[in-house]
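Got some structures for you, see below.
Look for subunit A in each of the two complexes below; its partner is subunit B in the first and subunit C in the second.
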Partner chain A sequence: MGTETRLLNCFSAVFPDAGEDELRRAAMGATESWDSMASVTLVSLVEEEFGVQVAPDDLEHFVSFRQVLGYVEGAAEKSAL
Partner chain B sequence: MIQAEETRRAAPAGAAARPRIVEYAPEHFEALREAAASTPQSASLTHRPFVDYYYASAERCRLYLFLDAEGAVAGTLGVERVGFEHEGRPLALSFGSNFFAFRKGAAGLLFMHWMKTYPAGVVFGGSPDTHHITRSQKWAYYGGVKTYLLNRAYQPHAGDSPLRALAKWGARSLGRRVALGRLARRVPPEFAGRLSVREEASATGEMLPRRSPFSLRMAEGADYLNWRYNTRLPFVRYRVFRVLDRNETSGYVIINESPSRLIVSQCDGEQAEALAHAVVLALAEASRGDRRPREVMLTSSHDAMRRAFEAYGFRAAPQERPFAVGSRRGGVELGEDTSGWLVNFDWTDNGLRPPFLDQGRGGRAG
Partner chain C sequence: MKLVEALKLLRERPPEGAESFRAFLACGFTPLHLETFLGAHLRRRRPGLAVGTATGLYGDLTGSLRRLTEEPGDLDAAAVVIEWPDLDPRLGIRGAGSWSPEVLPDVLRTAAERAEWLAEAIVKASERVPLAVAVPTLPLPPASFEPGWQSGAFDLNLRRTAADLAARVSRGRGVRVISQSRLDERSPLAARLDVKSELTTGFPYQLAHASDLAEALATALLPPPPKKGLITDLDDTLWRGLVGEVGAEGVSWGLDAHSQAHALYQMLLGSLARTGVLVAVASKNEPEAAARALAREDLALSKDDLFPVEVGWGAKSEAVSRILRAWNVGADGVVFVDDSPIELAEVKAAHPNIECVEFPRGDDEGAYRLLARLRDLFGKSALLEEDALRLQTVRQSAAAAEEVNGGGDSSHTERFLEQAEAELTLSFDAGASDARAFELVNKTNQFNLNGVRYTEALWRRRLEEPGGFLMVTSYKDKYGPLGKIAVLAGRREGERLRVGTWVMSCRAFARRIEHRCLAALFERFGAREIEFDFAETPKNAPLRAFLREFAEVDGGGRPRLTRETFAERCPPLYHKTFQTG
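Presenting the complex of A and B:
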């Protein structure tokens, strides 16, 4: 399963009522159900799914699907080096 | 934690183009005030003397801001590192404070930042939204921490029905109030002859107990006490009392004084019941000259201390104050029995709430 699909699964677990297109567009401030609990859950799910420990400074990426995807892909590239 | 209307402002020159978490510095104050003014619960963050002192004058205490791409403050979370002692062993903890989301979602990232950056966290008090998050993270909740009141003020609230407002007015006006100066006469004879208190300009190392009867206590030094309970602040007034037992220093009591209320902010001593009586002696001393008895507030979970306070007429508030401890790995296990703990009210920012002393009665921001 590709990185994007795995991340979509994480987002879908946090926002179960959203369709795939909505999940790809999900962003804090734009997605109605993206509250503080959603942020906490999302970080935990991404850490679990991708086996990473998100550094405190990298939490800033957890504001939209696109930014989280960029973070996860970057983390995968770093671990492959 | 509050979910408030989105707060935006023009991006300052040089602002980052993406959201970021930063430590509060005085140059952030205007953006912070703009966001915090949107809801009454965050009013303390609109008062610059408080914010600059508590969050920007000591390395151990910081306010984290979640800034959106335009530089507006979307969320806040204060964290203060504090040393405790549990069953005689050091325990590093961090108090959380002023946990607010001015934009939905922001506070959750600040919470995760706290958990990833600091030792185990403590929430003492806190909003339902805060506890929603801490419960989801399986923090441990410790019962038995009671808030005690004497001369309860029954403050009116905007949402009170006319009947309730009338009942509160009646309770305030007609309720029997205990003159605090007279409490000193009710100290039991076995303590009255040996205990005394003496007001000091600040805390000193010799006031710290050399041995402790408490299974959990805050165990910080005089430097910390003189920062957190600084007796020379313009926005809050702390008074420090040395406790003497048979003329030997055996502890201290720190009181937060305002025109209508005395709060027992922090105390510690070498014998629990003696400390409770010393607290009463300090309250009597602090209220010397009062024309009308002030309300007194303190917290206690210790069996012997609670019995002593109740004998003086203190009554427990109906609801306990939540005391939750946890980390990223869930709750921190401190044992279920809190009857041997020393828990004081003015931890985190509990005694640092508006209206501050340097504000008008309306509590305008400074």
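Presenting the complex of A and C:
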């Protein structure tokens, strides 16, 4: 399963009513149910799914699906080096 | 369980008409994923329930416990999770208090006082709602001056405080304390604390630990019904060796003969028998040889604990059938233990609902694991008076059944009932706290009006409904006491009684106790009619047959019985009856 699909799975667990396209466009502020609880849950899901530790300073990436995807892909590249 | 699975499980719709189950999580930290996992594990344990969870305010364990005591509302259960900072905030990592050696005695003092308060509050809350309690599961912070590899007075005293707290609350009615050692097996201590999460969100657990702890809490809140009976093989199971080949003195159990696993197995069966578990033997053997071995004085359980003993050369499944008939217990309440996979498969084919367990011959580790598994299958939170009577009553029932059937005609039955010197005590003052009544309602299958099972909180609420009544029936006759064997509950609606719960132990069949119960209801309440909330279940044929004989079904499909019809159809009753309440 590709990174994007795995991340969609995480987002779908937090925003169960959103369709796939909506999830891809999901962003704090634009997505109604994206509150602080959703952010914390997303961080935990990403850590669980991708085996990464999200540092407090990296929480700034957790504001949209695209940014989280970029963060996860960047983390994967770093660990491959 | 992974967090993503838990969230998805919680999203699934419960079945139509599912009974609601509301659980409260009381903890001093941000409940966050622990609440998610608790809800998910409760759902997984009982997919038929509509599970809902609620939590108290962050950092307010005190307030949450007060709420449980003062306003439990419609809660069915609660989980109380205590961590070190709940005993003293200086035992957490979010504060900025001192860890200086001179403050440590004060930490101990505060922790002891706080534990005292918590124990009292938990015991009090448990009177209103069933509780699962976890005492600190996280490692202590490095607050003391000793190196980590040494336990000093500070560390040991804190652990004693936590252990005392657990021991004290475990005596509360309806409190189930989570086993630390079982949690240790599942969740390694070093992989429990999530420092980053605790510092950033106030949630102290790594996800895997949160799931393991939630699973333990859910199991304690919705425990599996304990199995009722165990059927054991003899050769290479109850003892080592083949008695038909080496003789009664040749089979062994004990350290000297390198067969201690069998001695431990015997000890466990003896213990189970004393807690009301029925234990029987199904063995392919020469009956005389087996009897000689079972009569050995060094057997670690009493041979009187074994009933029936089925030894012969027929199929094991047939022996199991005879045992189930003698016990009057369904296969789903029974575990069959044998060292032979073929025998296990043969029994399983004939009795698909029986739990078949292989005795791991020659494997001490495996045998030890088996003992723990059997304890889980048969374990009970508390022992009741009826547990001590169970084997005796089964033997009595078998003897009585033989007498009833002995003559093969109805006059013999009448003679037997007339001469049984039966006495019934009908208690109308038992109340929701009667643990045996609650147990009967939740484990009886055959004589059961509708198969509805209750949580403790729901049972209490049903009995507190306006006009509600509860009748708990105890029985004894010249063959001995059966203890509390029937429960009937419902409510008065004018001159009509509506019965919502009616169960009777299968060991009390054929004594016309059910007839006497109805007669007592008509008499006590002066009712003209009894209406039954009957529902057919796969197992309640005995009650169905009884209602078919007596009651008439109304347009809504609900059986009703008028006082006149009952008087016409009721056979002679010979019991002496006493009422309380």
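Assorted remarks:
Definition applied: the second predicted complex is superposed on the first by the 81 of 81 C-alpha atoms of A that agree within 3 Å, B and C clash if a C-alpha of one lies under 4 Å from a C-alpha of the other, contacts with A are read in each partner's own complex, and residues count from 1 in each chain.
Note that in this section contacts are C-beta pairs under 8 Å (C-beta built on N, C-alpha and C of every residue); 3 or more make two chains touch, one makes a residue touch a chain.
This is a predicted model, so every value here is computed, not measured.
Once the two complexes are overlaid on the shared chain, A:22 sits clear of subunit B and of subunit C alike. In the superposition on chain A, A:48 makes contact with subunit C only, while subunit B stays out of contact range. Contacts of A:56 after superposition on the shared chain: both subunit B and subunit C are touched. Touch criterion met: A:14 reaches subunit C, while subunit B stays clear of it.
Of the two partner chains placed by the overlay, only subunit B lies in contact with A:38; subunit C stays clear of it. Note: residues 37, 40-41, 55-56, 59 of subunit A belong to the subunit B contact set and to the subunit C contact set alike, using the contact criterion stated above. Of all residues in subunit B, only 1, 3, 6, 18-21, 68, 75, 101, 103-109, 111-113, 116-117, 129, 132-133, 136-137 touch subunit A in the complex they form. Across the complex, subunit B is touched by residues 28-29, 34-41, 43, 54-57, 59-60, 62-63, 67 of subunit A.
Across the interface of their complex, subunit C is touched by residues 9-10, 13-14, 16, 37, 40-41, 44-45, 47-49, 53, 55-56, 59 of subunit A. Against subunit A, the residues of subunit C that register as touching in their complex are 2-4, 7-8, 11, 32-33, 36, 196-197, 199-201, 203, 207.
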